[in-house]
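Shared between the two complexes below is chain A, which has chain B as its partner in the first and chain C in the second.
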Partner chain A sequence: MMRGGKNREDWKHAALEVSIAFIIALLVGGVFVLAAGRSPFAAYGAILRGAFGSWISFSRTILAATPLVFTGLAFAFAMRGGLFNIGIEGQVLAGAFVAAWVGSWPVGSGLLLIPLAFILAAAAAGAVGLVMALLRVRFGASEVITGIMLFHILNILFEWLMRVWAGTPGAYKSPPIAAAAHLPGVGGIHIGCAIALAMVILVFLYERYTSAAFKVRAVGADSNVSRYQGINVGKVMLFALGVSGAMAGLAGASRVLGESFAYLPDISGGAGWLGIAVALVARNNPLAVVPVALLFGVLKVGGFWLEQELALSSDLTLIITMTLVLTISARRLTPMLARILKTLRSQERGAA
Partner chain B sequence: MTAVILGLILGALAGATPLIFAALGGLCSERAGVINLALEGFMLVGAFGAVLVTYVTGSPLAGLIGAVIAAAVFALVYAFLCLDLRADQIVAGIVMNLLAAGICAFLVKRIWNISQNSPPVEKLFSIPIAFGDFRREISILVPVAFVAVIVVWFILRRTVFGLNLRAAGEDPSALVATGVSPRRVRYFALLCSGILCGLGGAFLSIGYLNQFMTTITHGRGFIAIAALIMGNWRPVRTAAACLLIGAAYEAGYALTGFGVPEEVWRMLPYVLTIVVLCVFNIAVRPPRALGRF
Partner chain C sequence: MPPALELRGITKRFGNILALDNVDFSVPAGSVTALVGENGAGKTTLVGIAAGAVRPDSGEINAGGETLALSRPLDALSRGVGLVYQHTRLVDDLSCAENVALGVPPSRCGIISRDKLSEKVSQLFDRLRLDRGPDELLASLTLPERQKVEIARLLYRGVKILLLDEPTALLLPQETEELFTVLREEASRGAAIVFVTHRLEEVFKIAERIVVLRAGCKVGQRKVSETTPDEIAVMMVGEVEAEPRLKAGLFEEEMPIPLLENATVIRRGERVARLKDFTLEVFPGAIHGVAGVAGNGQDEIFDLLAGVISPSRGRVMVKPGEIARVPGDRFRQGGIPDFTLSENVELAHGDIRSGFILNRAGAALVAKKVIGDLDVKNAGPETLYGSLSGGNAQKFLVGRELAKHGTPVTCLFNPTRGIDFASRAYLHSRIRAISGAVLLISYDLEELLELSDTITVLYRGESRGTFARGEIPRQSLASLMTGGGA
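Let's turn to the complex of A and B:
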């Protein structure tokens, strides 16, 4: 429960765990940098300069974080219901493809076209989530497996449709969207970011004040008990995965309408998989999704500076990010570290 | 015509080989009760290890050993995370794939100062096949994959370790009652998983191709999971599913000329998996303690 169980101790504990994990991740990254014959301080300095050095790099950081806010929220939303939405990557693609398609419609007004593109993208991606939920509810098929399979199916399907649409077999992107569908923005940051923040607040309010959120959480805690309580578990699962998918679709739409202006097979840039990581680090808390997504954005954009300044691959930041996530998901790590510290201390005392 | 058919068969065998290795790797892990979505990452690390060691030593055989060791170490990291640190197995598996991609791409750039592809290295020993005018070579790892199926089947069915492994996946508490630690059994199971995926990775980089590419696994780790489900977590049936998928791809490439889009064939294994999961839901039976402690 958001209202009851959130006391200061929990927060302190969570903050401590994230800090420990972050230090471990930086250390592991440092080992790789050292092994590559460079200074870790120079590398981390380059990442920071790359992410914050100028307004352009800062705006890129914000843009990199935006899809992760959507996908992090999406994964956390389903996770509250005990559902692993592993299909987010596919849902992002569905949202992106539909947004690119709607964006190419000859509707003159952006005021009409942009909301339409967002809504239909969310609907398409939500439908993917609904399919996963339906397969789970109706046939008992694990959403983890169907999610992975649906991603691969959609990835191939859209690549194919994109080529058919573009009309050339070697096409690597869809025809561009209409100028009216370009998202308005200021200083390189488009309104997709504002929509992402609005979603965060919406999800926060929903979790705090609605009975639907309570039902989702009850099903997540124990679906059998909630069944006896008279909750329609199947319906709740459809709701949770449907909304989760729709949010993931917004990530794709925001990328297409705001940045690439066309569908590309790698439009997601791994946002779906990273969203899982974001939600995990944020402990499924909608408000915590924003700083975590920003951190990931900093690492992603800062990584490009590594190539320019130190001739290192930007993939170093992927190593750091994933080590961070693995360390946080390792539930027994902090107790284990505490135990080691304790024995060390008692040994010191014994020696003295 | 014989040449065409022979080509198709050999193509299907080559296509199925990495899938068989990876699916057997997944089988070892999941029959012991550990969910394994990290097969893609294990294979990638194996493929990279193979090329790196071959590049340094000049010997593809050393490369093969390097692949096995690299993937096994990576698998043991996964085992430590899941078994000792109790990381969520689904999340850890997916994240291990991304970590593997990051590590390999980072090292490729640092070692060869190019992104994506390594320079070509020597290939592993191949068996020449000659039939009339038909000349083709297949990697030694192709028959090894089929031997591996029998070995895994034999270990699971006919050895004490296999019995313990299956018990760890079905009812770990029963295993504890006999005085065997499920944790230990699962560590060994993941070691086997790493070794098998390492062989699969080595096949891709020094058996089929002669270089490493950061996209070399291309979703095969996930197709292997699909095959594992279609094969109902049984070694021989899983290998049959891999062969079926390999044949479907090969036929797909051959049929693109007849108006059937290649994409339809590429989607097929994924669609089939969902169908199998739904239609044969009663028959699909994962290990009972999968993902539990």
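Let's turn to the complex of A and C:
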């Protein structure tokens, strides 16, 4: 599957498929730009300038991509075990809220406070994942249903807690975290980004070498055979959803400690839902999550420039993102196109 | 008479494996043709191609004087070619009649005419000697009954050329006889019947012609009246190995290893126990057989030992890690088809995946050893398990368990079901050579009589007694298995 000499072949093939899907998405987006009476080239140029034009825009792109790396990893992690963790958005909120709370503790040293905030945020969000897994293992409740329901419950619960905590009924954010809890950074890019990359490497090594990853993969491939071969399927599901939730929680913590310095109800910015798309496009490969999250970040940040330069709606980037996801989801479409491309190329070679 | 079905020059590759090499195969109407060969010889592929379920790389198929489009099951059906699969493909939650009419109910303007359907299905069931009403739920039917529903389904669609893939693999001797009676009647009505099997004695009972495949090539065809089982056996495998010597009898001085103690299993939502107060013990160095008709508690015994279910009452005396197990369903319990052989070793060998780091190199070594040791054909550690033929998959599973360390008990559930007799004989010799205690659960009475030192007869979840080799005649065992007295 993911080893041996075929590895590189698979990589090349997957990269080709994603590239084709991306080109289709750009073409579809181009049609909309043309319909609005503008040049697609100008529009895509504006997006690129918006995302990379200056150091500030570049750092914004990186910051937009960071939570998507966490949530993309989180979704892919559970998906390897055949679990569709649709509760990521709720887990991001749990992580964010707990990080904001811990961040407000009067601990003078950031060296102590920041790791503590990350760890407790991950634990809280992991607990949300564990609840989903428990409901599935114990009562057979689909994690897709419980994930959505838990998100709605948590979303309102944290909003209420935030107001109680702030002490005013109309509060739109929690009291700010202590200065010691602010994430250090360089040029507007905080350390949360480095933590995200470290997680990518950790998950990559974990999937490649550990027994735990193998068991998750086995349960994802065939839970019945796994049960007959002595794997504790329930335990594996608890593990996969727990860790998945914990990683989603890091996204929330990184946002709060690095950017907003307080809990806000829309703190996630949809990172939970987009994480599903990231994992889908990255085919659950932890290394591929990075470029895909970056691409999504480019589209998100570049979209603002689109409005400024061309007075085009930034929703265009949403069209591109979703066309990309749709094209990738149509699992037989891109391999088909990749095959056609290959035959065309081999014919060319034959003619020459 | 011109052939009812004719395949010409059929070639089929799966990846690098040549499954069929330029095979010609024809079936005359009004007769039974047996298709025999070792596992991986290409029998299942050939009937799959005839039925339009598998697309050949090259070749031509003619049925009823017309050329069929390749790989179109509906096209094959409409020309009267139908396949009864080894594992029946019916819907449990529908009635018998609905299963028969699946996809093509008699209807007028979209309204299904149930009376007409019931009448037609009743007629078909009478003709097939199936004593069931059209409205009975399929879930309540036994395996041989399901097979007949499957045949009825094809006859309902006007099938004249009936292909059966290993129809007798899971049947008792008596059920096999009944099926043969029905098939002979259909042949005398003019149907062309193709019968895939491994059991040579059956071939000589039912078939008029025998076609032998070996390694994807047609070795030859014979009329039954003009050949002998020995000749066919040699055609199939080259030469037959001599039977290994039987293992010595029970060692009286050995201490028994208890497996189950008064175990009772009541499945969720059911009132009748699947297994009742069942006690089971095995002896080191001896093979203990469990005989019985399918569905009399064998699955529950295995599931208890595998730790997949726990008993409602009573106790399981061994931990799953202490017992090497070959489950009854190769592809849904034994291994993950999408995983490589090496990964399937990692799956089953607890010691390889017990550390923090997965012992991949160790697993690859074990896989290599198993492949060489049990002669798993066309395979390496990186081969996908799902690409193995049934017999090779079974060899791999048995070998994988034999390679386990520290398991004093080996439990095998139908270890040779549906595999060719050369592999079967080979696996039997390996089973005899196991030094620890062996529990052999099998639907195949011949296998049990051949291998077991002691046999427990299972009927409706209860033991009907335990017997030592030679203590009880075959007929009495068969009678106990079906609820009669000894």
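Definition applied: the second predicted complex is superposed on the first by the 330 of 352 C-alpha atoms of A that agree within 3 Å, B and C clash if a C-alpha of one lies under 4 Å from a C-alpha of the other, contacts with A are read in each partner's own complex, and residues count from 1 in each chain.
The working rule: a contact is a pair of C-beta atoms (placed from the backbone, for glycine too) under 8 Å apart; a residue touches a chain by one contact, two chains touch by 3 or more.
Remember, it's a predicted structure, so these values are computed and weren't measured experimentally.
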Look at A:280 in the shared chain and tell me whether it touches chain B only, chain C only, both, or neither; answer first, second, both or neither.
first
More chain A residues in contact [chain B versus chain C]:
B
State whether A:141 touches chain B only (first), chain C only (second), both chains, or neither.
first
Which superposed partner A:218 touches (first chain B, second chain C, both, neither)
second
Is A:113 contacted by the first partner chain B, the second partner chain C, both or neither?
neither
Overlap of chain B and chain C contacts on chain A, residues none
Interface residues, chain B side, partner chain A - complex:
37, 81, 84-88, 90-92, 94-99, 101-103, 105-106, 108-110, 113, 115, 219, 222-223, 225-226, 229, 261, 263, 266-267, 270-271, 273-274, 277-279, 281
Can you name the residues of chain C that touch chain A in the complex?
306-308, 320-321, 325, 327, 332-340, 343, 346-348, 350, 353-358, 360, 382
Could you list, by residue number, the parts of chain A that touch chain B in their complex?
32, 36, 84, 86, 135, 138-142, 144-146, 148-150, 152-153, 156-157, 159-160, 270, 273-274, 276-277, 280, 311-313, 315-319, 321-323, 325-326, 329-333, 336
State the interface residues of chain A toward chain C in the complex, per the touch definition above.
1, 3-4, 209-215, 218, 221-222, 224-231
